[in-house]
Every structure is written in structure tokens, then in C-alpha cells.
Amino acid sequence: MAKMEVGILGATGIVGQRYVSLLADHPWFEVRVVSASQASVGKKYREAAKWFIEPPMPEDIGELVVTPPDPQLFKREGVELVFSALPSEVAKQVEEDFAAAGFAVASDASAHRYDPDVPILIPEVNPSHLQIIEYQRRNRGWSGFIVTGSNCTTIGLVMTLKPLLDAFGIKRVLVATMQALSGAGYFGVPSMAILDNIIPYIKKEEEKVSSEPQKILGRFENGKILPANVPIGASCHRVNVLDGHTEAVFVELGRKASPEEVAKVFKEFQPEPQQLKLPTAPQPPIIVREEPDRPQPRFDRYAGEPPRAKGMAVVVGRIREEPVFETGIKYMLLSHNTIRGAAGNSVLTAELLKAKGWL
Amino acid sequence: MAKMEVGILGATGIVGQRYVSLLADHPWFEVRVVSASQASVGKKYREAAKWFIEPPMPEDIGELVVTPPDPQLFKREGVELVFSALPSEVAKQVEEDFAAAGFAVASDASAHRYDPDVPILIPEVNPSHLQIIEYQRRNRGWSGFIVTGSNCTTIGLVMTLKPLLDAFGIKRVLVATMQALSGAGYFGVPSMAILDNIIPYIKKEEEKVSSEPQKILGRFENGKILPANVPIGASCHRVNVLDGHTEAVFVELGRKASPEEVAKVFKEFQPEPQQLKLPTAPQPPIIVREEPDRPQPRFDRYAGEPPRAKGMAVVVGRIREEPVFETGIKYMLLSHNTIRGAAGNSVLTAELLKAKGWL
Amino acid sequence: MAKMEVGILGATGIVGQRYVSLLADHPWFEVRVVSASQASVGKKYREAAKWFIEPPMPEDIGELVVTPPDPQLFKREGVELVFSALPSEVAKQVEEDFAAAGFAVASDASAHRYDPDVPILIPEVNPSHLQIIEYQRRNRGWSGFIVTGSNCTTIGLVMTLKPLLDAFGIKRVLVATMQALSGAGYFGVPSMAILDNIIPYIKKEEEKVSSEPQKILGRFENGKILPANVPIGASCHRVNVLDGHTEAVFVELGRKASPEEVAKVFKEFQPEPQQLKLPTAPQPPIIVREEPDRPQPRFDRYAGEPPRAKGMAVVVGRIREEPVFETGIKYMLLSHNTIRGAAGNSVLTAELLKAKGWL
Amino acid sequence: MAKMEVGILGATGIVGQRYVSLLADHPWFEVRVVSASQASVGKKYREAAKWFIEPPMPEDIGELVVTPPDPQLFKREGVELVFSALPSEVAKQVEEDFAAAGFAVASDASAHRYDPDVPILIPEVNPSHLQIIEYQRRNRGWSGFIVTGSNCTTIGLVMTLKPLLDAFGIKRVLVATMQALSGAGYFGVPSMAILDNIIPYIKKEEEKVSSEPQKILGRFENGKILPANVPIGASCHRVNVLDGHTEAVFVELGRKASPEEVAKVFKEFQPEPQQLKLPTAPQPPIIVREEPDRPQPRFDRYAGEPPRAKGMAVVVGRIREEPVFETGIKYMLLSHNTIRGAAGNSVLTAELLKAKGWL
């Protein structure tokens, strides 16, 4: 099978670099075009991108010349699918231009997340929402389409809520997060702001964590996504950790379940991407640790098998009863915010799109 | 008024050092004896204690010779009151020996916290519990007595729950903590364990945070403390911060209250230590910050006026509705774990004991 | 004595905030005008400045309205002396405008440091260089004048080289620095760049450390500063520390001296600001620590007595022989980069100007 | 070729874990016995070792049962070669017992480093020193022998001094280090000691850095190692970095050389392990970076090709003139202290022993 040519929008930032890294040697996709803002255009990628992440820059992608985000340039290179790590203020128009020009757009930006005809896709949670693409195309008159991923904090959370919801029902959720620096972008948090400190506030994050899961966990029916009703309250905080969002989750279940039953449900979670053995699908998608003091970001953020799925698993630990609710449980979770929570999730979405015939 | 001579048990550790620092130039108390474990006995305090904290060691206390924890030696120096920062396994017997020998013991150790006739005292919250001392003496046949302080995480939390309970009632509380390194003692957390990391587990901490407030918020009646019933669920985590425990608190109130009403109740909290103008009582005891991103440990942990009360105030911020409960609110709080949460709380307790005639 | 009215140029940045903090309740000076860039003009200082440093913002300066850097506005308020924490690209013209308009300008910017008729002043090292002001005025036709301070890394180093040079002579110096984050400004070092890392490069820093001491240690003669010849080689590195530059210094002395002799020379250093008992002059200016593991930035950066001189002393430790040179010694030094190394040095310079009749 | 069975002494500590990790799937060696202190004996390695390092524990080694350091037990398993990561106070006797019992011992402990008949081996620098083994055996009457590696800071330094010495000669060296936490062992540096701090002292480190290179760079002649005479002065400091020692090196060369000539000499360094293509030999052994701000520990500590040699290369950058000497140069270097500086160096030594017929 010939590989599909793909492009990356916003390729020089921290999520853009994760795309570059995750798509190197991808069995189905080949990066052909990298685009970025005006200052980088015309330079080789290796010169345009100050490389921030630990895996070294793939040699061949380093040689690509950065282009502007112009659909015609992408077309000329045979690209059909683009991954977008654009800043939200730019993403709205550019992503629409690409979709109108016939591209499949898999985006991490929030610009289109809340459009009723655009899915927020977590491949393990709501693969059926891809069906809305058909309606999106019809509404907008596009030959291409846009699929988005969720906020980075939301993805890990919803990955664990989904099997609980299916097995026990959920009355309400409270979550307190300890989020990594990379979630704010490379220049987002000055070192003087966070050394020996916590910043107990991330703009609009709590709102996203409360609202996005309603759409993701919703039901697709007659061309519409009907929102779920799983009340979620969040308190979001930045801590001095490079990568990996840690979350303390309290859940009032629909019915009583022991920590062992909850662990079993997590361990047996085998959704469609795993069944399809998609290349970037972690197996298992949820890893349950038994030690009293795990997950820890430095040790667990790159969890996920096979090697291509490193950083794609959600690691859960400390599952215990929460007696303030009759049917309460609590647990810790960790997921890599720029892999599972951003670029990796979109790559997996693209694999699902391909496996299901949307590409 | 001549100052009262006091002693410190466990004077070389991190809480012991806070006692030394807080009692320097105290208007009512004078440190006359410092005791520590065998390895330090006979040395000058300045040589025995590797000084860990930022305010410099008081010159005169540095000159004291470290003694063993023997009541007779303390008596000979005219000491009547001892502050205990002993490790819990040692504290049980030593504190009892001192109480039997006629000393007032103000302790941060957990050894006696759960004895029914020993109060867990937060001077702003349950000053009336001092009355149990009378029963304790009678039960034990002691001329002295023991008063304990709560776990460091609990003190900040209960300081804020008390005015909420009085004003609105409380149905349940969930709290996620981000606790400072000093809570584990100077050698407690290896740097390799916490750099670029979080440890999502502190042994027995969640149990203490759930149970101790029941006694503290309980009612003293007929020589007994009748526990309160304020269900509290906790998830406790260690982060890479020197001092200051940060807590994200979710409360289901007894009746609906707006964030503004909650802020008002916090601001108007004026319990007995403040009314008595005790030297170490912070005024106000709860500081409400209006900025979206406060409290932060590096900037707020030493909050508290007058200067003697630095680190004694609890700083609250981000008071907002929590719609997962009909009567829900949430807020952040910060308190200095070795001052407000340990040594400072005991010093304030001792001041209260003196002001009320127990010394 | 009525206080002299002073102004601050670039008052909202990290050095500007140090000026505000150091000048609060100053016995000789009173801050009357604070100026900053266009975005802040017209706001109260408390709203314009995101306050970065630990001592709280002085209430009264918080109420001042930020003005543009216009000499006429400063004049109208009776200001005669301005402290400049301007970025170098702005400093050149603005500082000249103020000097031309009759103001004394004490600047931390590098813009005028290398002008032959502008002194780089460290009050303990080269107070006699103030005499060049006369020539500067004549050359430029100014009624006011400009005095600069040295680069923050240089100040601590030269403070220790001066007494060595006088006592023993110096053949050559090598210094390796471990510099604090605040030296790059609040937004200068992203947290993602420095967590679990070192950045072994600070632009133009090594050049400054090599060249500025030649001027500072030079001789004033016939209206000129004749450069010294003390070869200094530097390797400059950024580490994850908030404040306080640490330097490892190797010196080939002019003649053999033991560590004890070197310590004695440091301890007996009593230059003019100390003899004049200037309010911000630390006494002693060089503190020698005997412990094997000091100075350490977290514990020693605020060294300096009296309280007004906190952060103004240079702390030296680990003085030992360096046998690679016949007359070699080596030692560690620490100085607070935004106090001793910037704002505090300029305040002390202003005090010297006043004491010597230049103001 | 059947693999040689090997054992690890002190297998549970941080260097022991690096041995376990580096020897997993080694083409020539197979770990058959892991030994540790009494507390661990009888447990499975996976339970005895709290795993500190990022690569996951090899499954099969995790299943081995920890034994005491008894040569007979090792013999019974067919082991001929042991790697020692023992604490120095234990190493002396135990390593001698193994050598006497016929084992080849490759040790990171300092216990035998300074014995005149024991080599301190850096395979790239002094492979010829292996010849002393013959004399060692004769002196001691051993059938086995002991080979040691150098102090972790020294290895990186000497790797770069060797080619300079050969090409240009060296008059003197000054080095200031910024050393990682792991050099002190997992529990060595409390987090409270190093957060927002530097510890400018590492016990006996400067002495080792000055003296060990004399032996390593010495000449083997008539059964003796004649020490070199390369005066080295060091100032050693601990910084808040997990792994990777960074060193700022100033060298007075024997003759003038430009930075380009120095870079060329580093790049062309091709000693025996590289020529023999030993499995753990990094190719090239010295990597020269051209960027102004490299090497950096977080990005460069795992440098080294092929994959088995990750962390074995020494990364050099910022080569520049140092004008305080007529023939001066300076540069930065970085090497992984527990791989290149300890376990990896010994594994490479063992490979050299095998390739040269000593095993």
C-alpha cells in the first residue's frame, strides 16, 4: 500500500513537533508538507523549528522547506489529509479553507470544537460520531471536512469515564488537575512564575473540562450529537512538570461498585481502535497500576504499547472508595498532554478515518 | 510581666526549627531548654541543628546546650510549658512523662491526637475544647496535660470550613491537595523522586484529613467531645514546592450561597484568638484574594499580620460556584504547613492557654 | 532634612520593582514619579505592574499613576534624580534626554556603560570615578549627568577582586558562573527551557565579565579612566534558581597568599560607603562563610546588614589553594543579581553622590 | 557464540540499575546473578529494587532472586565476570574476595582505584593499562583481577583531554562542574536542599578530579603506571538536574590552537574501542555541537550511537579562545554520569577485556 501524503499546519510549535515526531516512519502516512507562520516560510524545517522535545528531529522532515498554509501548495504535493496544530485564532479560517478545498482536517485547535456539525473525537470513546461528517459536508458544501480533538485535560478524563458510564452510570464527577508546562506551549509559563510554586488557574480550562465531555459522551442521532448529562466540576492547576497531566478524580457512580470492579472495567476496556489494531492505538488503552504511589508523570507519561503508541495510554492508579458518596469512588489518572491529549489523538483519529473508509 | 520559661522537644527538626524561630523574642515565652535525640545531646544547638529554614537562627538559642527529653532537667530550668515536635513513635511516652510531671504539653505529634480526652486544637475553631483538659487530668491523674494540633493539611481546611459550617451548614466536602516538601521533613523526599514529577500519595494523609475535622468541629459536652458529621473525602499529593500546602476544595453547602456571600463569611470570621489579640493570632485569620490566579505558595505562604503572625493566615481565592451540586461552591486555599499547620498553631494554642488561665 | 524627590524609569520590570522596593521608606529619597512603556501609562502602578518579587508592593507607590519617560513631567514633580531600569535599546536616548534636562541619572542599562566619560560605578570599588562627571558635563554640555552600574555578574566578582588586587596583585582570573533566572527578566527563560536543565550560554555575558572590570578597576587621571589590566576569562551558565548569581572563581595572585590571608583581606575590606555609613551600604560588604558548603543562593542571597542592606553583601566561601598556579587561590561567591547586581548598587551610588555633594 | 554469564554486585542502587538496563539483551553478556545487601536477599529483583530510572526494568532480570555477594554462589551459576556498583566501604573486601576466587571484577567503586597495580580504565583513553592486570595477579596471587572506572566527573573530562594532550600538549586545566543529582545516589540529595538552590560542594570530588587523570593519562612501563603531569584544578557543584554532569573547562594548551583545530581533533578522535567496534562504544566518542547554547543536560545526556551506546558519548560545545592564556581555549562538556561516568564505562571495559582476550 502506498502511503498517503499528509501535511502539518502549525508544524513548528510544541504540538506541531509532536506531529512530526509521531508521523516519522508512520506505516500509513508520509509527511510531505510542513507549514508555519510567515517568519518561518522558506526556511528548512530544521532551521525554522527550535526543537523542544526529547526524541530527535526526523532527518528527512528536517529537510522540508516550510510553506505558508495555502491549500493549493498542499494539493500540488499530493496531500489529502492535514493535521492542524494552529493557534485557535488562526485555525478558524485556515481549517475551513482546507476543508472547502477538499482536505480532511484533523485539528487540535478549539476553533471548531463547538460547531454542532463538527465532532470532538476521541477514537476510543465516540468513533460513531464520525458519521456527522456527512452532515457537515452537506451543511457547508465542503468536499473535505474537519474533525477535532478535545482539550488535553479532557481526553484522559473522558477515556476513563466512558467505561464507568457504560458499566455503572455516573451521577457526577469532580476533578482536580495538576497540569504540565507543555500544555501552555513552550513560551507559556515563565520559569520565574512556576519555580517553587503552583499556578492555581488556567484560563477557560475548567469550562472546557465541564462542557466538552457532554458532546463527546453524547449520542449521535439523526445527524445530530445529543449532549450527555454527566455533571463534571473541575479545578485546574499548573505545576512544575514538563509533560503529563495528572488528575485526581472523584466519581459518584450510578450504582455501587468496588474498587476491584472499577479496575476490572478499566482493564477490559477494548474499544474500536484497539479491535481494529490501528497502528497508534495503545494496547491496553487504560493501564491500571497497583502501587500505592502511581501514576507519576516522570515515570508513566510515555506509557503505551506498541512502541508507536508510547504516550497514548491513560495510566490509572489509587482506585479507592470515596465514602462521601454512597456510590463514590476516586482514582488518579495521568495522560501525556501533547501526545494522548493532542497530536497522538489526532493521528489515531486519522487512522480510524482511514480504516473506516473516510479517507 | 516576667516571661514564662518554655522548652522544645525535638528541637532540631524542621518543625522544631520553626518553634525556635517563632519563639525568638516572643513577648510571653522564653525558650530555656531545647532537647533532641541522643546524637545531639551535649552539643550547642547551633552545632546540633543543621539549620534548614530561611529566617536566620536566633543567636541566643544557638548557644543553648541540647539536653535529653527528661522532665527533671526541664524542671530545674524553671520550665512549665513544652512544645513537642517529636516523631510520633517517640512522642507517646515522652509527652505522657512530661504531662505526668506537671508540664503543659503543646504537641504537633499525632501520638495523642485520637485519645478521647485530648483535644485537637485549632485556636480559631474550637477554643472551647480546652475544657476537656480538666477531665484529662482527672482521668490520668496528671498535674500537667497534653493539647495537640491537627495534621498540617487539616488545619487550613478546617479554618475555612468552620465559618461555612456556622453560616450555611455543610453536606459534604471533597478536597485535592498539592502539598509542600517540608511536610515530609527535611530528608523526607529525595530530589530525584520529585524533580519534574508529582507523587500522588502521602501515607495516611487522606485518612487524617477525613477524620480529624470530625473531632475538631465536634461539640464539647459533659466532658466529652461529640464528633461532628461533615463527610470529607480527600486526595493528597506531593508537589515540588518548599513550603505551603495548596488545596482545591469542593463543598456542598447546607443551603445555597453565592461566592460573594461565601467571601463575606470568610472575611468576617473573627474568632476568639483575634478578639483576644493574642500575639501570634493573624488578623484577619482568613485572607480572601480577588485575583484569578491566587493563592500561590511562593507569594502567599507567609501571609499574616502583624509580623509575628507571618505564615499564620489562611489565604483563600477563586471562590466560585460548583454546579455539580445544587448548593455547591469551590475555592482554593493555601496555608503554611510548618507554621500555621504545625509550630505556629501550637504557639497560638499556648497563648490561648495563657490568656484563659490554663498556664 | 527634607527627602529628595526621585523618579524611576522602567519601573514595572523586575529591576524596576526592586527599585520600588528598596526606595520605600528610604531615609533620603522619596519616589515621586514612576514611568514605564506606553501600555502602562495612565494606570496606577499597582495595576500596571504585575508584581514579581517577594516583599509586598509599598502601598503608597502602588497609588502613583504611571507616566511616560518625559523629563518635563518629572520636573514638574520636583524630581532631580532618576533611576533607570530601561531596556538598553530605549535607555540610550531617554537617559541622554534626562541628563541634558539637568537630571542625575543612575542607570543599570548597558547603553552608556562603555562611553569613555561615563563611569561604571561600584561604590565600594571605584568611588573616585565620580570625578569624571565633571568632564562628562563639559563634553556633553549637560547640566545633569549619567552614572551606570555594571553587569550583574561583574559586580559580585569585582567586589572580591578589588581587595585581592590591592593586597596581592592579580595575574589572571577565571570564573564560571551559575546565574539566576531573574537575570534574564521575568519572561526571559521559559520554564520548559530550564526544568531539569542548564543553559550553558548567556548572550554577551562573558564579554561583559571580561571587559567591564578593566574600566571599573582602572585609574582616574586627568579626566580619563585608564583601564586596568586584569585578564579575566569567563564561562557563563543559567541554572534553575530564582535569584542570586553563584560564581566559582580561580585567581592567580601577584604573590603567594594562603586562604587565611585571603579571608582576612576580604573581612577587612572597609571602603568608602561603609566608612560613610551610607544607608544601603552593607556592613561588612563581604561576608566570609566558613562552612564547607556555602554560599548557597537560597540561604545567602539576602545577606547584608543593616536591614536596608539585605541582598547587598557579597557572600564568599570555600577559599582554598589552587595548585595549578604557584600563587593560585579559588573561592565561591554569591551576590543577589537584582539587588547588589542592579537596583541596590544604583541606590548606593545615589547615596554616595549625595554624600559627596554631587546631588 | 554463547554469551558469557555475568553477575552484578550492588544491583539495586542507581548504578546497579544502570548495569541491569545496559546489560539487558547485551550481545556478549547475560546477567545471571544479581546481589545486594542483606535486606534484599531472597526477594525477586523486581521487589527488591525500587526502580528509579526511566527505561523500564527488563522482565527477565526482574525475576532473578537476589543473592548475597558470595563468590561461591556466583560460581555455581557459571559466572566469570562481575560488575560492581558496591558502596566503597563494602567494595574493598568483597571485590578482593571475588578476584581471589578467580572472577574478573569491573568496578565503579573507588575502593581499589588508587592501588598501584589496579588500573583506572577509560577504554577510549588508556586501553594499554590493561597490561597491569598481569602484575596485579602476580602481586596478589589472584586468578581473577580487578579493573576500576574513574569518578563520574573525571571520565567526561579526561575523554576530552586525551586528544588535546596528544595533539597540542596541555600545561594546565581548570574545570567548574554542574553535577547532576543522581551522582549522589537516589537518596543523596534531599529535595529541600536543592530546590531553587545550588550546593557548591561535593565531598572529595575536587581531589578526585585533580588526581585520577594523572593515573589515567599516565604511561604504562615495566609493570608500573607512571603518572602524567597535567595540573588540573576543579570547583565542583551540585545543581538541580536529574542526570548528566556539565563541565566548563579552561585549558592552557602546550601550543596555540584555534577553536576550529580543537574541534577537528575532537571529531577525529577514534581510539581502540571504536576501531574494534565494541558493542557499547559510541561512534563518534566525542560529539561536537555547533549551536551557541549546547550541550544541555536534558537534551544531550543520552547522546551516543548506535542505540546500545546511548548516553556513552561525551558532548562538547562552545569551543572558544580563552585569552587569559596565550594558548588558552575553553569549552563546555556534558556526559551522562551513571552511564558514561559509571556503569556504561565498565560495560565497555568488559567488552574491551573480552576483545583483547582477558576474558
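Read from first to last, the chains carry the letters A, B, C and D; within each, the first residue is number 1.
Going forward, contacts are C-beta pairs under 8 Å (C-beta built on N, C-alpha and C of every residue); 3 or more make two chains touch, one makes a residue touch a chain.
The model shown is predicted, which means the values in this text are computed figures rather than measured ones.
Any chain that touches subunit A and also touches subunit B is listed here: C, D. Between the interfaces A-D and B-D, more contacting C-beta pairs are found at B-D. Centre-to-centre, using mean CA coordinates, subunit C is 42 Å away from subunit D. Averaged C-alpha coordinates give centres for subunit B and subunit D that are 48 Å from one another.
Centroid to centroid, with C-alpha atoms defining each point, subunit A and subunit D lie 41 Å apart. In subunit A, the residues that touch at least two other chains are 195-196, 240, 242, 298-299.
Per the touch definition, subunit C reaches subunit D in the complex via residues 172-174, 176, 178, 195-201, 210, 231-233, 235, 237, 239-242, 246, 248, 250, 292-299, 317-318, 322-325, 328, 330, 332. Contact residues of subunit B toward subunit C in the complex are 54, 195-196, 298-299.
For subunit D in complex with subunit B, the touching residues are 14, 52, 181-182, 186-196, 240, 242.
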